[in-house]
Amino acid sequence: MTVRVLLFGHYRDAAPPEAEGGAFALPLPDGATVADAARALAERDGRFADLLARTRVAVRAEFAAPDTRLAEGDELAFLPPMSGG
Amino acid sequence: MTVRVLLFGHYRDAAPPEAEGGAFALPLPDGATVADAARALAERDGRFADLLARTRVAVRAEFAAPDTRLAEGDELAFLPPMSGG
Amino acid sequence: MILLTTEPLDPAEATRHVMTAHDGAYVLFVGVVRDHARGRAVTGLEYQVYAPMAEQQMRRIVDAVRERWGLACAILHRYGYIGVGEASVVVCVASAHRAEAFDACRWAIDTLKADVPIWKKEFAANGTFWIEGEDSVPAAVGGAAEAAS
Amino acid sequence: MILLTTEPLDPAEATRHVMTAHDGAYVLFVGVVRDHARGRAVTGLEYQVYAPMAEQQMRRIVDAVRERWGLACAILHRYGYIGVGEASVVVCVASAHRAEAFDACRWAIDTLKADVPIWKKEFAANGTFWIEGEDSVPAAVGGAAEAAS
């Protein structure tokens, strides 16, 4: 399956070249979790090694957990500590 | 001596006919206190009987006490519980 | 800054007076004449003020906010007749940090309500009343309530 | 109401949306870009936003203020580049009573800062930094930081 990964803050600066607005496709084995996706990203690029430790995650724009299972086409966002306001 | 009394709120509605903007002259014996002034007003008009119980007082626009001594020309204001804002 | 006026209040004026390029936030409190009070329909309020003392007390609140919090504060209060929906009071506090701005603004309006000599006369469906703290006392019919100068 | 926009914010718009004739007060919080942060001179900020989630989270804050306090709340947030002195966020809460308005407004801005997915990039004298909670992380030079649609 393929999910759509969204990166923010300094992680977006490390997004792969094909990313648009911090978004890019990530192929994953069926049944993969949020944590599996983070591991796949860390294997691609060492700058994502601390991704899950430093971010909250959202799946389909709702807060999710590392063990949340992903489905085909899900939007998976890694959210660094926020600084709006 | 004579002080200038200032009344506010419903007490102003009971001010003597000569009052202008709630202000009028009150003759008092030399050495009179705020409490003496309140008693003099209560003797003139029963509607002032509870004046000191229901108001804070200011002398020359500063909060004062019932035993504060008055001087010639002092402005003595009786201040009901405030309701600004 | 403080302002005691019979003219309509402009909250933006308070903001302009307190904000500098160093401030990251401001908190603004605006009191507005509402259409009811104590279960009665209200058509408007008339504020009576002991002007020299009120201005002095307002200035002391501004000074106290500077001393206690190190923050700039502006207070505007209108008096005379004010219709429903119009602002009677504006308090603005600027700060680098929001928590202090909330604390100081709240303290300023609480202190104003307790210690600034201003009284409201309520024009209600069933009569006219002086509001004196928690009490409401029937007002004399046709009684003039101008500000003492 | 909520508004997420690249246009300058108008605090009066938030006020208009929350005030009714029954309300006696409103509390307004406005966050403004300041000229320094963490000891560095700042010339401006660029806000990055996860728009669909941010709007949903802002709507939830408005709903929570209605449920917990029974009060109307408006939240405006600007994104993209914002210069020093310009407003980045506006929160307004209307109420019959001031204590609740202060509590609810403060809760709303605190919750926004924690749970609404928006990040600021700081253009400072010594570089460009992503602000991520307490951390500030050097940003890629020339890195585009558009809002995700």
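For clarity, chains are labelled A, B, C and D in written order, and residue numbers in each chain start from 1.
Operating definition for what follows: a residue touches a chain if its C-beta (ideal position, glycine included) is under 8 Å from a C-beta of that chain, and two chains touch if they have at least 3 such contacts.
Note that this is a predicted model, so its numbers are computed, not measured.
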Farthest chain relative to chain C (centres taken as mean CA coordinates): A
Chain C and chain D, separation of their C-alpha mean positions in angstrom: 27
Approximate Å spacing (C-alpha centroids) for the pair chain B, chain D: 51
Centre-of-Cα separation between chain D and chain A, whole angstrom: 25
Residues within chain D bordering two or more other chains: 31, 109
Chain B: positions in contact with at least two other chains: none
Chains that touch, pairwise: A-D, B-C, C-D
Contacting residues of chain D [partner chain A, same complex]: 31, 47-50, 52-54, 56, 77, 88-89, 109, 112-120, 130-135, 137-140, 143, 145-149
Chain D to chain C touching residues, read off their complex: 11, 15, 19, 21-36, 84-85, 96, 98-99, 101-102, 105-106, 109
Sites on chain B touched by chain C in the complex: 6, 8-10, 12-13, 21-23, 54, 58, 61-62, 77, 79-85
